[in-house]
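Naming follows writing order (A, B, C, D and E), and every chain is counted from residue 1.
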Amino acid sequence: MKRVELIDVSKSYDKQVDVISNINVTIEPGEFFVLVGPSGCGKSTMLRMIAGLEEITGGTLKIGEKVANNLSPNKRDLSMVFQNYALYPHLTVQQNITFGLDVKRMKKDEQHKKAKEVAEMLGLTDYLDRKPRELSGGQRQRVALARAIVSETPICLMDEPLSNLDAKLRAHMRSEIRRIQKSLGITMIYVTHDQVEAMTMGDRIMILHEGKIQQIGKPIDIYNYPANPFVATFIGSPPMNLAKAEFHETDKQLIIGSEFKLNVPAEEIGKLPRTSMTIGVRPENLYPTTPETKEEDTFHVEVTNVEILGNETIFSFKLGKEEWMAKWGGQWHIDIGDSLPVHMEFESLSIFDEQSGELIKKTIDYGKYVSNKEVPS
Amino acid sequence: MKRVELIDVSKSYDKQVDVISNINVTIEPGEFFVLVGPSGCGKSTMLRMIAGLEEITGGTLKIGEKVANNLSPNKRDLSMVFQNYALYPHLTVQQNITFGLDVKRMKKDEQHKKAKEVAEMLGLTDYLDRKPRELSGGQRQRVALARAIVSETPICLMDEPLSNLDAKLRAHMRSEIRRIQKSLGITMIYVTHDQVEAMTMGDRIMILHEGKIQQIGKPIDIYNYPANPFVATFIGSPPMNLAKAEFHETDKQLIIGSEFKLNVPAEEIGKLPRTSMTIGVRPENLYPTTPETKEEDTFHVEVTNVEILGNETIFSFKLGKEEWMAKWGGQWHIDIGDSLPVHMEFESLSIFDEQSGELIKKTIDYGKYVSNKEVPS
Amino acid sequence: MRMSLLSKIWIYFLLLVTSAFVFFPVLYAFMISFMTGPEIIQGKFFPESINFENYTKVFSRLPLMNYLLNSFIVSASVMLGQLAVCSMAAYAFVFLKFKGRDFIFFLFISTMMIPWEATMIPNVFTIRKLDWFNTYQGLTLPFFALAFGTFLLRQHFLTIPKELHEASQIAGLSRFAFFWRVVLPVSKTSLVTLGAYGFLTTWNMYLWPLLITTNQSVRTVQIGLKQLQSQEIATEWGVVMAGVIVVIIPTLLLLFLGQKQLQKGLSQGALK
Amino acid sequence: SNSDSSSDNNDSSSTNDTSSNSDGNKESGSEEAGKVSIEFWHAMSGTGQESIDAIVKGFNESQDKYEVKAEFQGSYEESLTKLRGVGGTKDAPAITQVFEVGTKYMIDSGYIEPMQKFIDEDNYDLSQLEENILNYYRVDGELYSMPFNSSTPVMIYNKDAFEAAGLDPEKAPETFAEVIDAAAKLKTDDMYGFSMLTYGWFFEQLVATQGGLYVNEDNGRSGDATEALFNGPEGLNVFNFLDTMNKAGTFGNFGTNWDDIRSAFATEKVAMYMDSSAGVAGAITNAPFEVGVAYIPHADEVQRNGVVIGGASLWMSKGIAEEEQEAAWEFMKYMTTPEVQAQWHLDTGYFAINPAAYDEQIVKDKWEEFPQYKVTVDQLQDTVPGLATQGALISVFPESRQQIVTALEELYQGKDPQEVLDKAAEGTNRAMEIANKTKQ
Amino acid sequence: MTRFAHFWRKSVDGRAAILYLLPSVILFSVFVFYPMFRTIYLSFFLTDQTGNAAIMVGFENFMYLLGSSEFQNSMKATGLFVLYTVPITIILALFFALLANEKLKGIGFFRTMYSSTMGISVAASSVIWLFMFNPSIGMFNRLLSVFDFPQIQWLLDPEWALISVAISTIWMNLGFSFLILLGGLQNIDEHLYESSRIDGAGYFYRLRRITLPMLSPTLFFIITISLINAFQTFGQIDILTKGGPSQSTNLIVYSIYREAFINYQFGTASAQAVILFIIILIVTILQFKLGERRVHYQ
């Protein structure tokens, strides 16, 4: 249980371009902190700086209460799952797993016990005597994970630890990691590309883009109230649909991508900027029309692509130059070229300032309540 | 465009245990064939056998019309994305990408043009002069992908080519790969752990488990009609909920996990086995009750875990010893310990023979139709 | 990876002290090369004055530039020849599967165990039969095949990740293309090491060049060095050491350059 | 006959041009306006080589029929090894320098043309050369090779140290007992009294000066020697002599390396030592004190017989073109002229094989300056000719010398003199036996 | 026919291998194997002065050698010499390589210093060492006298001579071993160190558990080579001691040289060469059998 604090941290590999710039964040003791961002945005770099593997070019890193900029990795008392595993090719799986324990002079039989436990949990029991090169990709990744898990250090860094596992195993691992982290009170910094992991595992998420923090917050808050269009499109899959929009004073209508016209409720009019803006709507908020839908709220779109995922159907259509996607639950019989009626509500729009990208209007809280459950006060 | 045919193919690394056994499958020319299965089931091994990198211990491999068991890899005219990338450390990104073209003595400026194109597509333009070790994990993976894409061979093998990319990029890559594969008529064999990729990219999926084929078919068919409980739980996320069930003759009820009782429509009774069976229901088919729901169809479950993913909410509950999950669209305010009314329909059940695991009863086709669209004949 | 200041200082200290010890004899020779006869006999370490008399003597006494050039040609050819021949053999031992591979490899290794002195005389006769006396090929060709070099490269090739081989095969590379375009570039370290080894050992060779040359046309510097030393008549040590210094400066230079080359090669792409 | 001397190498040089230019010199017995070109292989490095080059240059300039090319071929052993590769063929050099202990080997080898043949044909007057030197190379009355660089051992001593020890610096000890005595007096904390390079040659000299033979069959000169005699009383005298001083701590052992013992002398670590006459000049220039040179000591109970020639001589090859032999002969004659010999003597410290050289002005001047030089010549000329001082003739000499070195080293380790000598003799006997057995 | 075709297909590697090995094989045959067989042949003969086989004596040369105290002494000296030089050279070189493997400013300079001895011929370095060992003017004795220690007769005392030669040999071989080991070190994947440092492994733990195992192919190589080279040491002996004093440094190869080039006893020289070959062969086979098992290739 240790706090990790980054104050104005930057990093440059070539002394010219900063791949990480001015990061300020405090990760609380025992927190599960998830780091997401597009490929190459500097996530691994940040983890490696915290681990002490890369020099910090600017700013201060504190671990616990101490400044750790120049602390050597072995003094930081943390564990890490590397993106490329970094298994010891000359050691067996068992030895790889117990390497860190051996360093700490744990008794041999205790090491074995621990290794057995974690191998069991990760489905590696049959492979304990193999060398890494005789393992499949996912098995290697699990060994890397096992190595971090057994060490039970107060801080744990994981760099896409589940990327090579199948959905079932991944779901299992998600809950196991979370369980262990909670029960031991580990401070976890976790890099992932998986939306589900990001949404479900973290106490907070930080979204990084080109080395800069875009937003930090609770997963659901970030989902509902993305700070800018980048975050909006990055979190959520398929991403939020964006388009330019203008408010038409006389009609009291929002003109979206010069095509759609959406009535604006009277009480909202004051909040809208008079210049053009960027609006966003999540694919799941583009509903199929029902008999009750008012004709004026219905848009007709021409389907350019359809993907049926089993439990939901995603189809794309063009709005101006943008490609928009809609997600409908269930398996829909839609073909490319179909013209579909789609329905959208002003409440579900996110509106961003076009220049600064700032969020001006949030969506409403779509939180649903189960009928027989009482609404909390 | 070449056919790939595996006839009774097996593989053993240690001459004792078969990691792949008796695989029989024909991949048609120009087909997009997706290979899924749990970690360590033999997917990479199968790709590597097709590529000629592993010896085939038993059976026959045909590429085109020729037996290819002993054909050397460079004669097979295929390309491959390796699970661990296998980039050339001494070459720049550009050189890595054009390596195969250079081998084929393509003109330099044409090479450059191609490399630029594909780099553009994969967002690698800025990194063309870097060495692989100066790239992030996702960037490396993209280089590996680029290398396979430029080569435009009639057969292409990809081993989890998108595992280290973020959702947005991954979505983009999915459609690009599909587009290229279609336009060039490449025969693609694609290993993935990603449900979305498996469901949307493949013409057919093959599910492998412990080296044996579980099912081959169109993605949506597999989703709807899994051949056995393994497939049922493997495809779809969260997985299908399974439980033992018995038919109670007198009540005409199905007793699920000794707890739930579900009325069986009269016309279905005849089809049910009299002994115990395994039933499965997908999480999205466990609906929230609405005022119209009949009381007898409602089950009350105690929530043991909740995950809010933004556009949907997944909660777990116990049914006997099984943990079941339900998935409801939207963000639901559910807490652990809540007792929720859940509603389930007999139509949505899949029923498997308990011994053989064979699918006895399929779910109904849940296909929905858009109101203004005509039902196809 | 970074290290603390204290360990940095400690390492620098160790580096300085140990390298001073290692380099001392060379420095000593360097000092002597500036001394006069009596100074040397008195066993001083620092010369009284820096004079280049010994050096002028070395150059006037021998066609040293000629010798240096010959040495350079011979050493460079042996180096290149060894790199070519050994890397090909090592490639076969690592990347090709064939019957009796281990046996042939061991046969290669066994050539290292044969005392060179035992093979020298028959080899002189062979060279004479080939009429290669006083020729560059006589000086170089017998050394092209080198079990040591094959062994060195084999050890390195074994550490090349097999994925690279696989990726190349799939890219459609022929065996030779893989060898030329992947194996050799990623083995830069070992090639430079072997190159340095081949160059230096050839540069330092004495007996063989002496035995198969009868005149100065292709003679190398080590013979020149020997010519500076007398047997029965008193040796002028200052001159000899000046010769030693002249002869080792090119090799030290080469080591330094090789070092830089290595450094560059390494920063460009260590194997994963 | 020009063409046949060059036939062998010609085709090689035409197939390979990298080596052609200089290589070509050797092969063409005739080149540029019919000059006959020959090779002269020698083993002289350092100052010796410089001097040889000067002599050769002088010869080439003195006439326009012949051209000699002097080529260094490594140490004596190395150049002999090389000669074995080409000996008796057309590729052989016209002249080869071979060390004195190789004499028997060369005679038996069949590679050479005896010098006597040319002397007789040309009616060359041998009497102008130093008799004591010729004696060594004369076998059965025939001169086989032309003496070239000849040296003898001398005893060099530190006059200042003599003075300090109360000895007469102008009168060096002459007998073993005197040396032992003087050594004891000269011994100080830093300085030994006497030393001798651990080298068989000095032992041979100390035996010869007592009139002792090295091997049987008249020192090998009346037939192939079969038995070593050096472990007789004369040899034992020498070993006892050394042993006495060694045990007394007055003897300094400076190993097998010429330069080590010389630097020991120059740094006043030893007061008297045995050196080659060729080393006298160096000793004088390097020493920061007065240097004296004396005859080598002899056993007290016998008369001094003198010294045996060491060094090397020049051999004429067989099987080469006649005109090349002719050229070689001309060169040898040139080399024995007093002027050349005088210069050679001064450059290197080797003897002039033509005593007339000592009358040359330059030599006289030098002797004036360094009277020590003359001692070496006097010692040679005072030598009593006889079987002992003529030197032994065996083909396994190098091996035998090695046996002596080992014996000396063991002696210095405190082993019994007779025992170590016998062992050396035994080794020599075996070597001679094999050599005689395998001789065809 | 099909069987042949099958064989033909299966043996592509073999045929390629022939091509790749051909240059080596030809050169080895001409310049190593042929002379070696000649040597073996000669070892059964007494030879005449020009080195030709004269009298067939069967195993007599071998019997003589094995019985001769001189040769036994040679073997003993050779064994001792190998023991003195190989481990120390490798340990020192490893130590230097570890130092020089740190990423520090100016490390290239130190690397050149450490590898410098490789650039100096055995002849030149022996001359320098001869100077340093000189009992009267050499550095070592001067240093000893500065500290008032008794003087040592480095090369003249049979007790010390082999050690002195060993010291100079260690120095001469240091540069080469250093270079090889440094190359090996630099090939180790940096990630492994990163990972182990995060696990909290200290320097020596890393050395033991990662560096050495990962370096094992290189170590194996350098040990094999050093062993073989040590058995064949010649140049420094020739210049420093000529086998003396009292045969204490008469290593087998020097003894072969003396026998062949000074004494012209090619028969016994060949026999010695054959015995040496067999000894090295045995040692190398042992080394391969015991050593290569512990080597971890990637």
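The definition used in the following text is that a residue touches a chain if its C-beta (ideal position, glycine included) is under 8 Å from a C-beta of that chain, and two chains touch if they have at least 3 such contacts.
Keep in mind the model is a prediction, meaning the values are calculated, not measured.
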Between D-E and C-D, the pair with more C-beta contacts: C-D
Furthest chain, CA centroid comparison against subunit A: D
Approximate Å spacing (C-alpha centroids) for the pair subunit A, subunit D: 93
Length of the line joining the C-alpha centres of subunit A and subunit C, rounded to whole Å: 56
CA centroid of subunit A to CA centroid of subunit B, Å: 22
Touching two or more other chains - residue numbers and ranges from subunit E: 51, 134, 136-137, 189, 191, 194, 197, 261, 298
Per-residue multi-chain contacts in subunit C, two or more chains: 1, 3, 41-43, 121, 161, 226, 229, 237, 270-272
Subunit A, residues touching no fewer than two other chains: 52-53, 72-73, 84
In the complex, subunit E residues that touch subunit D: 46-51, 54-55, 130, 134-137, 153, 155-156, 158, 241-242, 244-247, 258, 261-265
Contact footprint of subunit C on subunit D as seen in their complex: 8-9, 11-12, 16, 18-19, 21-23, 25-26, 39, 41, 43-50, 69, 71-76, 78, 81-82, 85-86, 91, 93, 151, 258-259, 262-263, 266-267, 276, 278-279, 281-283, 285-286, 288, 311, 348-349
Of all residues in subunit C, those that touch subunit E in their complex: 1, 3, 8, 11-12, 14-15, 18-19, 22-23, 25-26, 28-29, 32, 40-43, 45, 84-86, 88-89, 91-92, 96-99, 101, 104, 106, 108-123, 126, 141-142, 144-145, 147-148, 150-152, 155-156, 158-162, 175, 189-190, 193, 196-197, 200, 203-206, 222, 225-226, 229, 237, 240-241, 244, 247-248, 251-252, 254-256, 259-260, 262-263, 266, 270-272
For the subunit C and subunit B complex, residues of the former touching the latter: 161, 163-164, 166-167, 169-174, 177, 181-182, 185-186, 188, 268-272
Contact footprint of subunit C on subunit B as seen in their complex: 48, 51-53, 72-74, 76-80, 82, 84-91, 99-100, 103-104, 131-133, 147, 151
